[in-house]
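Chains here go by letter, A, B, C and D, matching the order in which they are written, and residues are numbered from 1 within each.
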Amino acid sequence: MKVGFVGLGSMGHAMAGRLLKGGHEVVVTNRTRAKADDLLAQGAVFAETPAEVARQVEIVFSMLFDDASTEEVVFGEHGIASGLAPGAIHACSSTLSLAQARRLKDGHAERGQVYVSAAVLGRPPAAQAGELFVIAAGQEDALSRLRPLFGCFGQRVFEMGQDPLQANLAKLSLNFMIFSTIEQMAEVFAINEKAGTDPHRIFDLMTGSFYNAPVHRNYGKLMVDHEYDNPGAPVTLGLKDVEMFLKAGGEQGVPLPYASIVRDRFLGAISAGDADRDFVVLLERVRQDGGLK
Amino acid sequence: MKVGFVGLGSMGHAMAGRLLKGGHEVVVTNRTRAKADDLLAQGAVFAETPAEVARQVEIVFSMLFDDASTEEVVFGEHGIASGLAPGAIHACSSTLSLAQARRLKDGHAERGQVYVSAAVLGRPPAAQAGELFVIAAGQEDALSRLRPLFGCFGQRVFEMGQDPLQANLAKLSLNFMIFSTIEQMAEVFAINEKAGTDPHRIFDLMTGSFYNAPVHRNYGKLMVDHEYDNPGAPVTLGLKDVEMFLKAGGEQGVPLPYASIVRDRFLGAISAGDADRDFVVLLERVRQDGGLK
Amino acid sequence: MKVGFVGLGSMGHAMAGRLLKGGHEVVVTNRTRAKADDLLAQGAVFAETPAEVARQVEIVFSMLFDDASTEEVVFGEHGIASGLAPGAIHACSSTLSLAQARRLKDGHAERGQVYVSAAVLGRPPAAQAGELFVIAAGQEDALSRLRPLFGCFGQRVFEMGQDPLQANLAKLSLNFMIFSTIEQMAEVFAINEKAGTDPHRIFDLMTGSFYNAPVHRNYGKLMVDHEYDNPGAPVTLGLKDVEMFLKAGGEQGVPLPYASIVRDRFLGAISAGDADRDFVVLLERVRQDGGLK
Amino acid sequence: MKVGFVGLGSMGHAMAGRLLKGGHEVVVTNRTRAKADDLLAQGAVFAETPAEVARQVEIVFSMLFDDASTEEVVFGEHGIASGLAPGAIHACSSTLSLAQARRLKDGHAERGQVYVSAAVLGRPPAAQAGELFVIAAGQEDALSRLRPLFGCFGQRVFEMGQDPLQANLAKLSLNFMIFSTIEQMAEVFAINEKAGTDPHRIFDLMTGSFYNAPVHRNYGKLMVDHEYDNPGAPVTLGLKDVEMFLKAGGEQGVPLPYASIVRDRFLGAISAGDADRDFVVLLERVRQDGGLK
């Protein structure tokens, strides 16, 4: 199948590469053309603008950094929406606010185009290995056309429903689970440290017993090692995500007290000068409150 | 080795049985003698009182329901402390407040006896299979004598330090992790349900991706199935545990905001008439706040 | 002096009337012209658009409903900014987000105009009596020109600083104090009601002793009387205000946990069907949590 | 009338003095006899023990520091309960937990004695001036006998109901209102300070407009002046009080989220080394979170 891919950051690049490996023709574009070079060497075709990509395919994926870049790439001049044919699909993998997702849904619908949310869980190496988790939502016929493509980069697809926003919300929810697990572990590490127990022992106890999910192992390890300065994702990104989740709570009328506490921790981290450190530095706010240097 | 065991509820009974199977002579007692019958058939010896048990052994285990029952069995008339020889060990597996643990530590120390905290994670079937996790803390020489015994009922022993209270606190901490994971999942289930997504799909997404620890699988399943009426542990027990954790936070000077929120949910559950239902019914408080019936 | 006034809702109307009574020439405009009738009878002059108002004066006041209406009236077609001369002043009394206030500040500055924030505390009857409290911030020379005008409708002027946003933030802060006092009183009323004490007795105790500010007397009375259905301001307005305050906290990097709790109560109220009732209905969320009907 | 008074700290001493001034015969006792000297000079009679006091009167007041001292003075050897005749009244003005109040109620009832809760609001100078606020609850006939005596030291009596615990709870509630007003003001002072506004200006705005109760004026002033080191009441006392309130919430099944946040602030203050400073130092926790030194 001939598909488009817009946005070749490390995640998008890996996903587009998997589509190529899956035997698909892939038309790509990116603000910085050089990032496409090796994909072109593997057979991808470069187009000058998102609109150019969209004009050539019936399915275009996008993977952008945030709401603003997605808005620009979709509805800006030479954006996806201006090139996509009626009936064609835009499958967007960016982590978006519900408000932005709604703009995609409505904006494409006005043009007779179809928006599918295809959020992904996992980091670039997982994308390269085709081991992402895909969280998808949209019209059933669009999903059925996308499933084989999802299989190129995803080890498993979780379908949330027919409204694309359901996948956007599910993605925000799972990101929240990272943050709230960090807060939870931070409270536990801090009180035990204050009582004289090395947090590494608590970490071993957690991950050696019933709290051994990747979310515990990966973030817990960074926390007990105080590995803050080689950020997988910085505090500012965590704050952006939890604020989108809280905003979703506002739209849905669902109070989310754990999310509010995480937001406060991230604000405190920023005010403490830790904006650009890994968001597990949230632990330091809990330690500070507990009088641990 | 000859060891004592006081408290033959379902956990204590299973643990004592494992000690017997491990080839040890076990002297037991229990308020209701009938609960000891099959252990006696397997070779255990019954003593009339905790003191009688203690007088016959150098190591006595106990597994009681709470602070009050532990206080009574240890320091009451004919209690363990009155029978235990100087230098002998009381290894207590009950989930206790730090205040009660301190009374055990100090009370035994005054008598030249040794208190070891040997909290356990797991349910009775795990105990029967010798697959508990043991959280231990106490003097090194006492721990070294206890290790082979822990191996009878525990698949793994986690040692926290030389002060027995370190194990009590670690145990309270891990129980808190159950509750806070439930609150975390409840917020996620509720907001997605409000947005039209079946929580079972969210559960599959969590446990099919990075949130697949037993704490997610076991409690999450009960939650999405609204399985409240066959309680593994009721709200009242959850409340007792989280209040002990909060009290520990007070003693250590560590604010624990996630724990406070859980306490409020449990109070709300009790006021809603759910005191005796499984503590995952906390989900209903979150749903109620979100306007979901 | 000749001054302009844009926005003749009940507050704006009263403020413009006070300026007239103070002997000033007042040029007014309003979407609905009829609301200006009695002011015209008292000597005010009507202009067709905000720009028309601004062209005739060196000082224009505005009092609009929210961010969006202010944005439209100031920077929209025929807006204030398009009519105001360089060096002229726009004194805005609307309750705005910091983001909107910043747009006013920057947008006027680009045109060589001066934005002053002149938020007010009090209700329309106080405005009619010239008994508002004015919270002002802006350049000193602009403030000095405005002071005599503030005196027409305000019993007292509180100046926050030279950056207009300081007054916007102070206004959001004082609104937050209403909400957080309501939550505080709600917790007190609910627990005492649960214990069998009529909340009216608690109200008398509060207001008869050390908690006798207008914020206690006015809102507390509505609460104990369950006067929800004749709203001074509805839950939706409270939610809008507390979300602006929380957003300000985000911009300043200051966690505001009490504000987060109020937001959650308002969300709960909306989900419970109380969106349009007086925001003191927050009490019902606290009562509900406590098992009081 | 002949009345007893046990506990001559600064509050008790002033209250007993007012009873004397009111023309009553007063029998007093105190651990440190010297504190009674000037009362004896005014005609009071000293008794060696609380029981001795109780034996001579039909009404005995007490004003002790806390639960423990009250328990000792009432039910300890030579305690009030051992001297009080059946039908006689113990009017206790201490700030007590509900659990302790219940012990007084039940313990006196077993002996045919009557416990009345007669909590007071105000500081020693107000007591000396007879300007306390009295919060009373108990059996109607007991209250009717006490009213003239309350009038000696109180400017106004607020009666809560026939169960003495109602007054204990009301007193805890009003103390909570101090703390939660401090947290509320702290959030406001901190965010405005971060935005460049001198908190004194915010204080003037609050107290010059609708937030002008004594609770705002007295504590707000200490806060903006950073007057932490001449404590009216230290953090430890605030913590004790808010924990009693939270415990009452637990007994009544009423979640009190604002109280939990105050508790966390006080714990943080203690861990920061501020245990013995005035409890308005809570402001420093909010400032710290906001990155204000």
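Some notes on this structure:
Everything that follows uses one rule, which is that a contact is a pair of C-beta atoms (placed from the backbone, for glycine too) under 8 Å apart; a residue touches a chain by one contact, two chains touch by 3 or more.
No experiment lies behind these values; they were computed from the predicted model shown.
Counted as hops between touching chains, the shortest connection from subunit A to subunit D is 1. Using CA-based centroids throughout, the chain positioned farthest away from subunit D is A. A count of C-beta contacts for the chain pairs B-C and A-B puts A-B on top.
Per-chain CA centroids place subunit A at a distance of 38 Å from subunit B.
Work out the mean CA point of subunit B and of subunit D, and you get 39 Å between them.
Averaged Cα coordinates give subunit B a centre that lies 54 Å from the centre of subunit C. Those residues of subunit B in touch with two or more other chains are numbered 249, 253-257, 261, 264, 267-268, 270-271, 289-291.
Residue ranges of subunit B in contact with subunit D, taken from their complex: 239, 243, 249-250, 253-257, 260-261, 263-265, 267-268, 270-271. Residues of subunit D that touch subunit C in their complex: 121, 133, 135, 156, 158-161, 163, 165-166, 169-170, 173-174, 176-177, 180-181, 183-185, 187-188, 190-192, 194-198, 201-202, 204-206, 208-216, 248-249, 252-259, 261, 286, 289-291. Across the complex, subunit D meets subunit A through its residues 257, 264, 267-268, 270-273, 285, 288-291.
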